[in-house]
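First comes the structure, then the notes that go with it.
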Amino acid sequence: MTSRADGRALDQLRPVRITRNWLDHAEGSVLVEFGATRVLVAASVTEGVPRWRKGSGLGWVTAEYAMLPRATHDRSGRESVKGKIGGRTHEISRLIGRSLRAVIDYKALGENTIVLDCDVLQADGGTRTAAITGASVALADAVSWLRERNALAGEPLKDSVAAVSVGIVGGTPMLDLCYTEDSGADVDLNVVMTGSGKFVEIQGTAEADPFDRDLLNQLLDLGVTGCAELTGIQQVALSASDQ
Amino acid sequence: MTSRADGRALDQLRPVRITRNWLDHAEGSVLVEFGATRVLVAASVTEGVPRWRKGSGLGWVTAEYAMLPRATHDRSGRESVKGKIGGRTHEISRLIGRSLRAVIDYKALGENTIVLDCDVLQADGGTRTAAITGASVALADAVSWLRERNALAGEPLKDSVAAVSVGIVGGTPMLDLCYTEDSGADVDLNVVMTGSGKFVEIQGTAEADPFDRDLLNQLLDLGVTGCAELTGIQQVALSASDQ
Amino acid sequence: MTSRADGRALDQLRPVRITRNWLDHAEGSVLVEFGATRVLVAASVTEGVPRWRKGSGLGWVTAEYAMLPRATHDRSGRESVKGKIGGRTHEISRLIGRSLRAVIDYKALGENTIVLDCDVLQADGGTRTAAITGASVALADAVSWLRERNALAGEPLKDSVAAVSVGIVGGTPMLDLCYTEDSGADVDLNVVMTGSGKFVEIQGTAEADPFDRDLLNQLLDLGVTGCAELTGIQQVALSASDQ
Amino acid sequence: MTSRADGRALDQLRPVRITRNWLDHAEGSVLVEFGATRVLVAASVTEGVPRWRKGSGLGWVTAEYAMLPRATHDRSGRESVKGKIGGRTHEISRLIGRSLRAVIDYKALGENTIVLDCDVLQADGGTRTAAITGASVALADAVSWLRERNALAGEPLKDSVAAVSVGIVGGTPMLDLCYTEDSGADVDLNVVMTGSGKFVEIQGTAEADPFDRDLLNQLLDLGVTGCAELTGIQQVALSASDQ
Amino acid sequence: MTSRADGRALDQLRPVRITRNWLDHAEGSVLVEFGATRVLVAASVTEGVPRWRKGSGLGWVTAEYAMLPRATHDRSGRESVKGKIGGRTHEISRLIGRSLRAVIDYKALGENTIVLDCDVLQADGGTRTAAITGASVALADAVSWLRERNALAGEPLKDSVAAVSVGIVGGTPMLDLCYTEDSGADVDLNVVMTGSGKFVEIQGTAEADPFDRDLLNQLLDLGVTGCAELTGIQQVALSASDQ
Amino acid sequence: MTSRADGRALDQLRPVRITRNWLDHAEGSVLVEFGATRVLVAASVTEGVPRWRKGSGLGWVTAEYAMLPRATHDRSGRESVKGKIGGRTHEISRLIGRSLRAVIDYKALGENTIVLDCDVLQADGGTRTAAITGASVALADAVSWLRERNALAGEPLKDSVAAVSVGIVGGTPMLDLCYTEDSGADVDLNVVMTGSGKFVEIQGTAEADPFDRDLLNQLLDLGVTGCAELTGIQQVALSASDQ
């Protein structure tokens, strides 16, 4: 039997912490931790929508993902200094935005825009899944902020979303890979699910070895379990009253 | 029963054409057509590898994807004029590169680099899957070019790759979406598979409605069938001797 | 007597092919071939004009030129990846735009804009002259498209334009240089003329040896002949009814 | 007598907290808080120096400053997305770098480079002074890291540096301005001093009203007091053994 | 006693020349020389203000600083070619803008914008102080231009500004450093003052050795003297009638 | 008969002034004036050549052209601020470089590089032709600088170059157009010639009306005369001994 570096069971999440209201100014904010991975999510509400959507009566939700230079083991150069955003950053920003939009009722949101900034303060694998999981909570707080100001046209949050990575490491499927597991994985699959258990996004990649349908199913099983557990943690975080 | 705009069956590919050696200079080149979608793929071989890989004895394969401004129904601005590459372009370039690398034995390739340029001349849905399917053929031709010059350290092509999009349109799963189907799809799944029938990439997105495991399975079934058929078309194209 | 690489006479054009309607979406489109040089031209019509021209009642015509990375013998990097457009690209885009504008009656065009995208799929010398020659045909088709929709204020096409390169290679003046001739030329002259035989642009450069008035006149003679022949080919292409 | 928004005395610092080792990977790291201003400083050590300094036997220290988009009351766009760094960011990055270099003995540092990344997580005035004050501590930890590995040629830290803002608000000089005070100040002065009480940088700006020598002297007095107090807080932080 | 390279006294300015109306088109223009340092300042007036200020009734003044590539001893690359503006350029542009705005009454200026372009034709130390000193004169001419056209809402120039560098070289405080003095200075202080003798900006940097309060006071004394003298030179230049 | 705005004859140049050694640092420098057009040219010599030319024994000459923001009647934005170089700037920089390279013997220059920076201080038509004419003189001075240091492998200057604009304004051919003439011209032709009377570049553009062979010949006649006169002025400037 494969033993994991940190002694976890194959289907066990790392310790997950969701700290709401980590920032004073943002309409919603969360520091989300998946083990040593730490992502600061800020939800910013602005009245109005991008130009191409004006007058539609519909709202908009988008996301931007970035890493601090020393979030990783070795320092990486700032994208602002390079003058351009890398492919990985683009890809993850788009994934987060799509995932959240899947649970938003634009009509109920009214012509408001919510931007989710997901900044990785420390990276140890699973930064995109932590970001999505935290952003769902920050989004809920931002929606509450609008609700308290009677600025909504209905109830825009149709559901919550949570995300987790699963992968095959040394031939064994496992849940919520940390960096050392991830960098040695044969297959890497990110699963994004709604709180009610439906799929929003599935992105599976054979980093080294193409995989068959049976392994895919095992990975999906693990992902379903992990997302359900994360949904529970989100609900606990949001039910805490006085944050 | 749902009828498709062009009268195709739900599990039927559009007419696929693979024209090899469309260019005079490139070591491998393919004009690949999935219906009205037309992608020109050029494989460029250079001796040597990027700096971070020098002296490793390993080769490298990468890809760049782009669209001509008027490939689409309305003209879109050039990324060179804007001075930056958009997120979608980045995302697809990375997907194509990963897909091809999954079937490459770097050691057998030796310290050679192959770049696959995939330029969409006309877009009607499925440009990324057409690009991957065509690039696999152009890659094979580029590898043959190296083989003829005794520039390989072994046989670098472990397999072929083919890709197809599947989706749920109006509640019905269907194969190889054209643009009008794709833009109205509830779920969109791109499947990349090896010639031997294993998964290389799976990217499924709930554009509008999150989906359940059963629908996912139906989509995967369609994708498996489509990729197998494309693999056959690739083999026919490559077996044509005098191109 | 100098013999040319491909056996052509000194005053002979390469085989020229103009294929109209190569694209489904563009209001005008042409695949133009001067021997192995292949340029795809798309004419895009949009209602309205740039901001600085609004309310003037005048239309606008502009052009963008670019090369696919593997159009050339060795792959060249993408300008979108570099994040900036090179001097050569700028220069040729401007030349094409000026050449077409010389035969346009802005008032008759009304407040419409036509953009000519000229993308070189394969380069073997004379890409700018092929682009101008093809763009004149694509422009005519775009104007017809507007005419059929009663969107013109008159007849905007005052004439056609065609272009050809001439040069002195090994001391001998010759017409329509291919790449190997061009790269070894002492003098290189691009001539752009109207269908009625007047000059629109003349750009002559002593790549190596400054030249005298007599040689200039010989080059101009060749250019005049070549442009007249190209005008004829354009007329044949445009008279084909059912394209 | 002027009362301050938060009840502080005119010459009183906000509560200052310096948390060392906030990150796992960085050779030195500090979360520094001046009231609600929160800056994460990471010191990254790399062997070797920039090219222009190679072979000199001298080390190098530099800094980069940035703000998260929602550090401020209203969200500001990312500089990586804009594709360029703004003037304010440039100015502050340079100030931090110069300030730290003033207390470094390059020869003793040997050919090592230390980069100080100062990322503002939350901004409430004084972000640059908090950054410098925290960076001095992170730098000390990075130097210790090198010392433990016997990678130094001597003792590179000649002194510490601390920084504080002072200003004239409503006609009254005061220490360590928070955002509301800063944005209404007539004069704004940033003072950077060594632990031994010498000036490293003085930057005074008449935001609205030019000021006379007497007011300047009062501001300098306040700055000297504030920096001395900050030096004490730095020493306490560094003396804590097991962080 | 320290003797200076050019034989000047320690408190002596280099020969200063202010040539008004050096350009034909600009509403105000000055070629300002501090010894061999030569800066061309052009003041451009436009009706209207930036978008964020529209409808406020207030004017705007801003500045841009740049150096020609061969202003310096060795050629430096153009920022336009690099595609980005360096930190030093940003920092100085901002300093010049702030300095001039300190003497402007926005209300009296009305909704007009004045841009001060300060281009260094030749650099020999003190380019930013020469630029500020010259820009104050060009600004006065641009204001006169507006006054003559009755385009002002009052008298916008509350005062003039002048600037000078002072520094400690070889232990000795001295005024108006030339390049060789500046590059060897221990401390470098730029002082910007109004014509009536108040401070607008003070920027002091310990390039090598942190400095004490006493030295700071000596430097300030020198700066005050230098600015007063420059104010006199500005007044003479502006009183010349027929320029 | 057409009278010109400034009373000049149709074949008369504006007053031309060439001031050598306008800069202290550059190896060659010229302030060249064609009437109110004023261009500062600096020639910078560096040992060595660009990487692609190393070890060839051949030298290199290149040029960069730019305009100060307020060289023109209305202020135009800086290309460094925009972050990219415009097409016109690119085009003219390339023209100047090609023109000078036509009279350079690379072998005799040895592995040295000369960069010609041509910065337009004031523009009144003909900036590119003034730049070429001035650059030829600055290049000669830079070559002399190398000769005095015995850093040449022979005599690299095979000839001089001069340039002038000619055009058809109101139906009349005229020499050396100023801005108002140029902006109303039907045809605009720039002629670059060697001192010995051969053509280096010819660039003719029908801004409004295509032109015939006869008019072209009249324009060429004017250009030949103008260039010969400019060659004489260059020779006088270079023969002045003590500059």
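Each chain carries a letter (A, B, C, D, E and F) given by its place in the written order, and its residues are counted from 1.
FYI, a contact is a pair of C-beta atoms (placed from the backbone, for glycine too) under 8 Å apart; a residue touches a chain by one contact, two chains touch by 3 or more.
Model, not experiment: these values are computed from the prediction.
Q: Expressed in steps between touching chains, what is the minimal separation of chain D and chain F?
A: So the least number of steps between the two chains is 2.
Q: What are the chains that chain A and chain B both touch?
A: none
Q: Can you list every chain that touches chain A and also touches chain C?
A: Both-contact set = B.
Q: Which one, B-C, C-F or E-F, has the same contacts as A-B for more than half of its contact pairs?
A: Over half of the A-B contact pairs recur in C-F.
Q: Whole-Å distance, chain A centre to chain E centre, using C-alpha means?
A: Roughly 50 Å, centre to centre.
Q: Counting only Cα atoms for the centres, state how far chain B is from chain E in Å.
A: 59
Q: Return the residues of chain B touching two or more other chains; collapse runs of consecutive numbers into ranges.
A: Within chain B, the residues that touch at least two other chains are 83-85.
Q: Going round the ring from chain E and on to chain F first, in what order do the chains come?
A: E, F, C, B, A, D
Q: Per the contact definition, I'd like the list of chain F residues that touch chain E in the complex.
A: That would be residues 23-26, 29, 36, 40, 42, 44, 46, 64, 66, 68-75, 78-85, 89, 115, 117, 119, 121-122, 124 of chain F.
Q: Would you pull the chain C residues touching chain F in the complex into a rising list?
A: Where chain C meets chain F, its residues are 84-88, 90-91, 93-94, 98, 102-103, 159, 189, 193-194, 196-206, 208, 210-213, 216, 220, 224.
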